[in-house]
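Structure in structure tokens, see below.
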Amino acid sequence: MKSPEEIVALMMHKDAFSQWIGAEVLSIELGKCSLRCMIKEEMLNGFHIAHGGISYTLADSTLAFASNSRGQHCVSVETSISHLGKVNLGDQLTSIAKEIYRGKKTGVYEVDIFNQNQRLVAHFKGTVFVGEENW
Amino acid sequence: MKSPEEIVALMMHKDAFSQWIGAEVLSIELGKCSLRCMIKEEMLNGFHIAHGGISYTLADSTLAFASNSRGQHCVSVETSISHLGKVNLGDQLTSIAKEIYRGKKTGVYEVDIFNQNQRLVAHFKGTVFVGEENW
Amino acid sequence: MKSPEEIVALMMHKDAFSQWIGAEVLSIELGKCSLRCMIKEEMLNGFHIAHGGISYTLADSTLAFASNSRGQHCVSVETSISHLGKVNLGDQLTSIAKEIYRGKKTGVYEVDIFNQNQRLVAHFKGTVFVGEENW
Amino acid sequence: MKSPEEIVALMMHKDAFSQWIGAEVLSIELGKCSLRCMIKEEMLNGFHIAHGGISYTLADSTLAFASNSRGQHCVSVETSISHLGKVNLGDQLTSIAKEIYRGKKTGVYEVDIFNQNQRLVAHFKGTVFVGEENW
């Protein structure tokens, strides 16, 4: 059975888009994960703030790592995100996932995203299926 | 008062991330919008399928254009997405937004995303605030 | 294999709370359902309009009947509702469920609720698990 | 300016449906609220467990009290609930709302619902509009 660190290393290795956003793993434990990334020019939208898709991508990767860390393959079923503060060029975002619920077949996770001033900029909730295959 | 086409042209012009995903406007009308993009290598995740953040980004841009097309600035409050089918390298995604509700202060929109075989791969719902500023 | 009508008759028979809200089945087909109920005094909240829990209950029952109509036991995983218009004492609500997606393991349904003036008062989305047991 | 206790007393006074489910206020503070109710026969569905509408109603009332406790009228915009465990006849449910975010125009709250064995049976998220009228 692989450790959370080994599983996330395997997942990150070929995850081209998480690499594109510059996601770094700050911490990984059973059911928990924290990532970080920095906002660059290509991530901005027409209002010159970060596109909502960037926070979503960071949160979705954090969910994937936290939920898969327990050793079983998990896939996202339904996810929602509230954008609560503007994210600007050069901001450093930190995501923190926690496990709300983990059953045999489903899990529910929340991810908070903070900027470098510890302001909450997005709140994400994700439901995953717990598959039968193991890492 | 600007037309939906003029508003979306203004929004797309500086929207670096919608440009990065290669979003093209297929159609834009009052309260409606359709976009298209193609999946490239950088958009894949560790399972070698498109990262959920790509469908979310396409849907979120479609929501932004559809809701702003009526002339008032709109910002997303809460969005959710269900990923319903795998999206592969080279797939061409088409998003279609429709207006479920438009009130004085809020609007609710849905976006369906189909692949090139007309298979539904994601379903998105977004609630926006209708601001007081006009385009 | 039971028909959609037989399954819903079985489900409604002992569904005390759907009965308490006065839910009537207007139509039931594979993956579709429509219900109706009327707003009474006990359903009002402190603003003297219907409590949000009434529309939710009507939508959730409509989801249950629509998703179970295909013959396999389905249970709700995640549901969301937007309350879009006030519901008053004496209003007659009609719910209409449609199937957005039906896979082997999950299904996604939407339920619109209209009042007697055909005004949309709530929009609901529900994700269900498709179980292995049959009706 | 009224206190959280005074506001909730005003809201509960005429809230017929919260009274019907037997909701009792366990605690109320700025941005926080906890309620309790017991599951009776009329609240069951066709599977002889509590209808999802009961947990939703309890959570939605808890959201309403927590968000209005700050003195401004708040109305729910979008709410979602995950049903995580079965709720049986005679179970005593306790809801606990916390404030995730409170801005000038919107607020985001979460409500956890536990049974008498401290098992999490539902997790709810609600976004509210902060109105201009005060209590």
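Labels A, B, C and D are assigned to the chains in the order they are written; within every chain, residues are numbered from 1.
Criterion: a residue touches a chain if its C-beta (ideal position, glycine included) is under 8 Å from a C-beta of that chain, and two chains touch if they have at least 3 such contacts.
What you see is a predicted model, and the numbers here were worked out from it, not measured in a lab.
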{"item": "Partner chains shared by chain A and chain B (touch criterion as defined above)", "value": "C, D"}
{"item": "B-C or A-C - the one linked by more C-beta pairs in contact", "value": "B-C"}
{"item": "Greatest separation from chain C - chain, by CA centre", "value": "A"}
{"item": "Distance from the mean Cα position of chain C to that of chain B, given in whole angstrom", "value": "28"}
{"item": "Chain A and chain C, separation of their C-alpha mean positions in angstrom", "value": "33"}
{"item": "In chain A, residues with contacts to at least two other chains", "value": "77-78, 80, 82, 127"}
{"item": "Chain C to chain D touching residues, read off their complex", "value": "10-18, 20-21, 41-46, 48, 50-54, 56-57, 60-61, 64, 75-83"}
{"item": "Chain D-touching residues of chain A, taken from the complex the two chains share", "value": "80, 82, 84, 100-101, 103, 108, 120, 123, 125, 127"}
{"item": "Residues of chain C that touch chain A when the two form their complex", "value": "77-78, 80, 105-106, 127, 129"}
